[in-house]
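Each of the next two complexes has subunit A plus one more chain, namely subunit B in the first and subunit C in the second.
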Partner chain A sequence: MSVSLELEKHRRFIVGFSGSSDSLQHSLSDYLRINGIYWSLCGLSLMDPEYIRSDFNEEEIISFTLACRNGTGGFGGFPGFDASLVYTLSAIQVLALYDALDRIEDVEKTVSWIASLQHENGSFQGDHHFPDVDTRFVYCAVASLSILDRLDAIDCSKTISYIVSCQNWDGGFGLKPGRESHAAQAFCCVGAVSILKSVDSIDKDSLVFWLSTRQDTNTGGLNGRPDKDPDVCYSWWVVSTLAILDSLSFIDVPRLVTFVRRAQDVVDGGIADRPEHMADIYHTFFGLAGIALLDETGGLKAIDPTYALPVDVVARILG
Partner chain B sequence: MYFFLDKDMASAAWKEHDWSDVTPVEIEIVPSVCNIRHPAEYKEMVELFAAIVDTDEASKRVLDLSTAIIMKNPAHYSAWAVRRRCIFPLLDETASFEATLGAETDLLNALLRKIPKIYQTWNHRERVFDKVVAHVSMEDPASFIDAELDFIIDTVLTVDAKNYHAWSYLHHIVSTQQMWSRLSAVASDLIAMDVRNNSAWSFMMEATKHTGTARDDLVDALEYAATMARTAPNNECPWTFIRGLIDIDQTLQSHPATVGLLAEYGAVDGEGLTAVPALALRVGLLQDRTELGPEDKAEGKGLCQTLAKMDPIHSGYWTNVEGEFE
Partner chain C sequence: MGHGKEKRGPLTDEEQQKKTEVKEKWNAWFQEAKGLMVNAERTPEETAGLKTVLTKLLTVNPACYYIWNARKSLIETELASLSPEEARKVLTSELHFNTASLLKSTDNSKIYSSWYYRRWLLSQLGQEAWLAEPAVWMKQLAERDTRNFHVWDHMLTVRAHGALSEDSWREYAMNGEASNYSLWHQRAGLVRGILDSGDDVTSTILREFEEVMMANAQDPTGTSYWHYFVWLCSVVAKQETIEPFAESIETIVALAADDPTTALPRDGRRCLERGLGLVGRGELLA
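Now for the complex of A and B:
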């Protein structure tokens, strides 16, 4: 049984989601609004690059994104919030989608702020308040600087060494050395070494085993760590990592695609974390992104597994 | 001595202060993007907050404002950062240390009981822990640490034994306080309740590495894992753990505990039981060899072919690995 991909409904879901203003939950997601904008725009771009201009007001979004930037040069999740690497990357990705990176005034300030967050051992803290490190921040820093073409601002070889130190005994990667392996951290670490042209520095075989065994026999979906429930977002975190490692053939692609397709809300659009659950913008984007990597019949544009941006956009940035 | 959180009082205290000298920063509605219409009270709070976030103000009114925002929206990471700039000076003063710590603990406990998987709250808890644990005003750090451990283990992990944030905070306490010997029992207790708890196995490996990798200790760990593997032979965790132990000490491969376990569950000739993780371990051990003779290669190929049939969802993996044994 083949489940069709309801792209037009997902398009309406994404556009409608931004306008659903009255719920308290929506209001309380202010702190990560710039992430939500990136998920929305990138998801639409995978359907048709023109949608981000036809379905949204480009200038309003660019203005909003720039308003998320504060005196440090970094970006917060919403105007009035502190700058953090997690939101800075999304802001840069949004501007990249609109080919508006040049709208960042005094971009050197942003570069310096990111570089100032690097520790002696190559790790990164997330903001300028406290030295709490996390491999997510490494990816956010490296990807941001790569898009801004300023990787020279940090010590790349120390970053690579730090990432290597985060690979665990089971082949996976955790948020710090020795922490439980988790698929999202695998993406962050492998994505970062990929940008730094050092994928060979990690133990690929043990990681590929760990990633492949995320696939669940019963549902065909992927989980984020052993014996957890499968979740559509791992069709990005796991699959993009395998794609970077040139190892997509190590998983059962048709069964995974079926799992993601079954998690669609075929009535109102959007994709949920798993079948029968409620759709949200995060899982809609990562479900579409996973399908873009896996399923040529999906009708989606190609996505770059390292940058989580359409291939055409990455070519424009890096070209 | 700890204070109990009066939620109504805590969330309304900000209103009792004079804010007339602060011009709220109005949140601009951007219709096509982030059509947020905050409830009126929350809007008032966050617009005041936006006015003070970039200042140095660390007053009681700012602290109370941060409390109100956090209680409405515990993921508001900037409110937590501003809160720290308010409470850290209070924690530095002996006179205000106990009361401040007590109030903070009550707020964190209340929030984490309600929403146990929120990054910003756990992050704050860890920052406060680091701040207070070595403080000169801390008369009894052991008692404070015990209370934190009790909260993680008895309150949070009993509800969700795989809460990643809780395990991460536990790891932080144990590694900064060098408590590995004492806390390795936490992992085994949780594994006894659920052998499939990967977080517990992960912690167990960290405890093993930190409490000493003398052969006797590793053999104890190996025998423990073999016992647990027998309780649920198709569960990957104990087998992956055993492979991790062998990575530390290759001689464990030929230890009777390993050999016996593999004979019991890693048979392909109909002589014993066959569990997928046991065969996977056999393949992994072959892959780890620096040199493979013709018999090793034949064994590897055979195992991969069997696994591709027994474990069809991962047949892509086994077929690819079979190629390594050509």
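Now for the complex of A and C:
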């Protein structure tokens, strides 16, 4: 059964989602608003790069994004919220989509703030409130600094060594050394070493095998860990990692694309974590992003698997 | 992020009304908290009021990292003027609050900021507090979500603080269900430590192959232990000879093929192929 990709409905879902400021959920999700803006804009960009200007007020969004930056130089999830690497990357990605990176005043402050979060062993904590490290923060730091062309601000060699220390017995990567393998952490680690031009420093063969066993034989969907349910977002975390490792042949692509398409809400638009579930902006973006990487007939623009941005945006950034 | 929410129809008027009420309360409490937070010269009553409103905010929305940050700042300021005894009482009360929040629901137990706050509290309270952690979380792991990687991460941090004996950890991590991948991960960590010591390498590997056989008997359709089998084969491949392990490997292959009514899962077969390939015995599956 062929399931068509309802792009126009997803477009309306994304635009409508951003305008739903009356809802309780909207208020409660203020803390990750900048993430939501990145997911929305990047999802639209994959349909048509012009949508981020035709469907949204560019200047309002740029102003909002810059307002998320505080005196530390880092960005919070919402204006007035504390800075954290997770929101700093999304803010930088939003500005990159609008070709507005030069709107960051005194960008060195942002660079210094990011660099100040690196530990002696190459790991990163997420902010200056808690010292907990996580490979998510490594990716956020490395990707942010790469986009700002300031990787020289951190010790890249130690970062690479740290990532290598996070690779487990099964080939996967955890949130820190010795922690259980998770596909999203694999993306973070491989994405970071890819940016640092050191993919060869990891055991690629073991990781590809572990990632290739993420596909559920019944539904075709991908999970993040063995024996967990498939979830559309892993159509990005797993697939992008395999794409970086040039190993997409290990996935049954038609079955995965069918799983993602079946998770669409064909009435109201948007994509859910799995079929028959409620759509949300996060799964809408990562579902589209996964299909953009895989499906040449989806009508989507090409996305870069390392930076999770359209390839033409990445080409512009990296010059 | 919207994981696991089934699609449903429009809200009823009553449901919508309730959500509107919660939203209005959230917005009011948030504004109240912001107003109190910007005032560096808070009176004791205002500080108590701020703690109360932060509690309300975290009860409604514990995922909001900003509120946990604010609570930490508040407590730090409070501690600065207290005696060690008084500080201990405040921190202990905070620990109880954090425990209740984490245990309230599965979603709550997966909130990063909540765990970060907890570890900050433990670092302030000292070793006695770290030592009390296993009693809380090992029980949770056993009875609730045995795949919660936040709890596993926390327990490994507790262990790193010397607050969990090796015997207790081994007993927990090496006696679990065949189909729990998280347990196999912990097991691999422990066994790697044993192998790295260089003691009893052969007998350890043989014992671990037996664990794979027992897991297969317990759950013939599982895949977790097959990944562990691949790792064991990678360890064997680094030994001087595979001969001590040949019979175990052949027995496992025979078990996998034993019951034609229980099809080896696709990934189980792929793991078996990979493992045998690593030790140069791929012909066993021919």
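The rule we apply is simple: the second predicted complex is superposed on the first by the 319 of 319 C-alpha atoms of A that agree within 3 Å, B and C clash if a C-alpha of one lies under 4 Å from a C-alpha of the other, contacts with A are read in each partner's own complex, and residues count from 1 in each chain.
Keep in mind that, in the parts below, a contact is a pair of C-beta atoms (placed from the backbone, for glycine too) under 8 Å apart; a residue touches a chain by one contact, two chains touch by 3 or more.
Here the structure is a predicted model, which means the values were calculated and not measured.
On the shared subunit subunit A, the superposed partners subunit B and subunit C overlap sterically. By the touch criterion stated above, A:R33 is placed in contact with subunit B alone, subunit C being left untouched. Touch criterion met: A:A272 reaches subunit C, while subunit B stays clear of it. Of the two partner chains, subunit B is the only one that A:N70 touches; subunit C does not reach it. In the superposition on chain A, contact is made by A:G220 with subunit B only, not with subunit C. After overlaying the two complexes on the shared chain, residue contacts for A:F250 are found with subunit B alone; subunit C is out of touch. In the superposed model, A:G178 lies in contact with both subunit B and subunit C.
Within the superposed three-chain model, A:N57 lies in touch with subunit B and out of touch with subunit C [touch as defined at top].
Comparing subunit C and subunit B on the residues of subunit A they touch gives the larger count to B.
Touch criterion not met for A:G319: it reaches neither subunit B nor subunit C. Looking at subunit A, you'll find residues 24, 27-28, 30-31, 76-78, 80-82, 84, 127, 129-130, 132, 168-170, 174-176, 178-182, 209, 212-213, 217, 225-228 touch subunit B in one structure and subunit C in the other.
For subunit C in complex with subunit A, the residues that touch the partner chain are 1-8, 19-20, 22-23, 26-27, 34, 60-61, 63-66, 69, 72, 112-113, 115-117, 119-120, 147, 149, 152-153, 156, 179-182, 185, 188-189, 192, 222-224, 227, 230-231, 265-267, 270-271, 274. Across the interface of their complex, subunit B is touched by residues 18-22, 24, 26-28, 30-33, 36-37, 56-57, 60-61, 63-64, 67, 70-71, 76-82, 84, 127, 129-130, 132, 168-170, 174-176, 178-182, 205, 208-209, 212-213, 215-217, 220, 225-228, 247, 249-253, 255 of subunit A. Of all residues in subunit B, those touching subunit A in their complex are 25, 27-28, 30-39, 42, 46-47, 49-50, 53-54, 72-73, 75-78, 81, 84, 123, 126-127, 162, 164, 167-168, 171, 175, 196-199, 202-203, 205-206, 209, 235-237, 240, 243-244, 247, 280, 284, 287, 311-317, 320.
In the complex of the two chains, the subunit A residues touching subunit C come out as 23-24, 27-28, 30-31, 76-78, 80-82, 84, 127, 129-130, 132, 134, 168-170, 174-176, 178-182, 209-210, 212-213, 217, 225-228, 231, 233, 265, 272-273, 276-280, 282-283.
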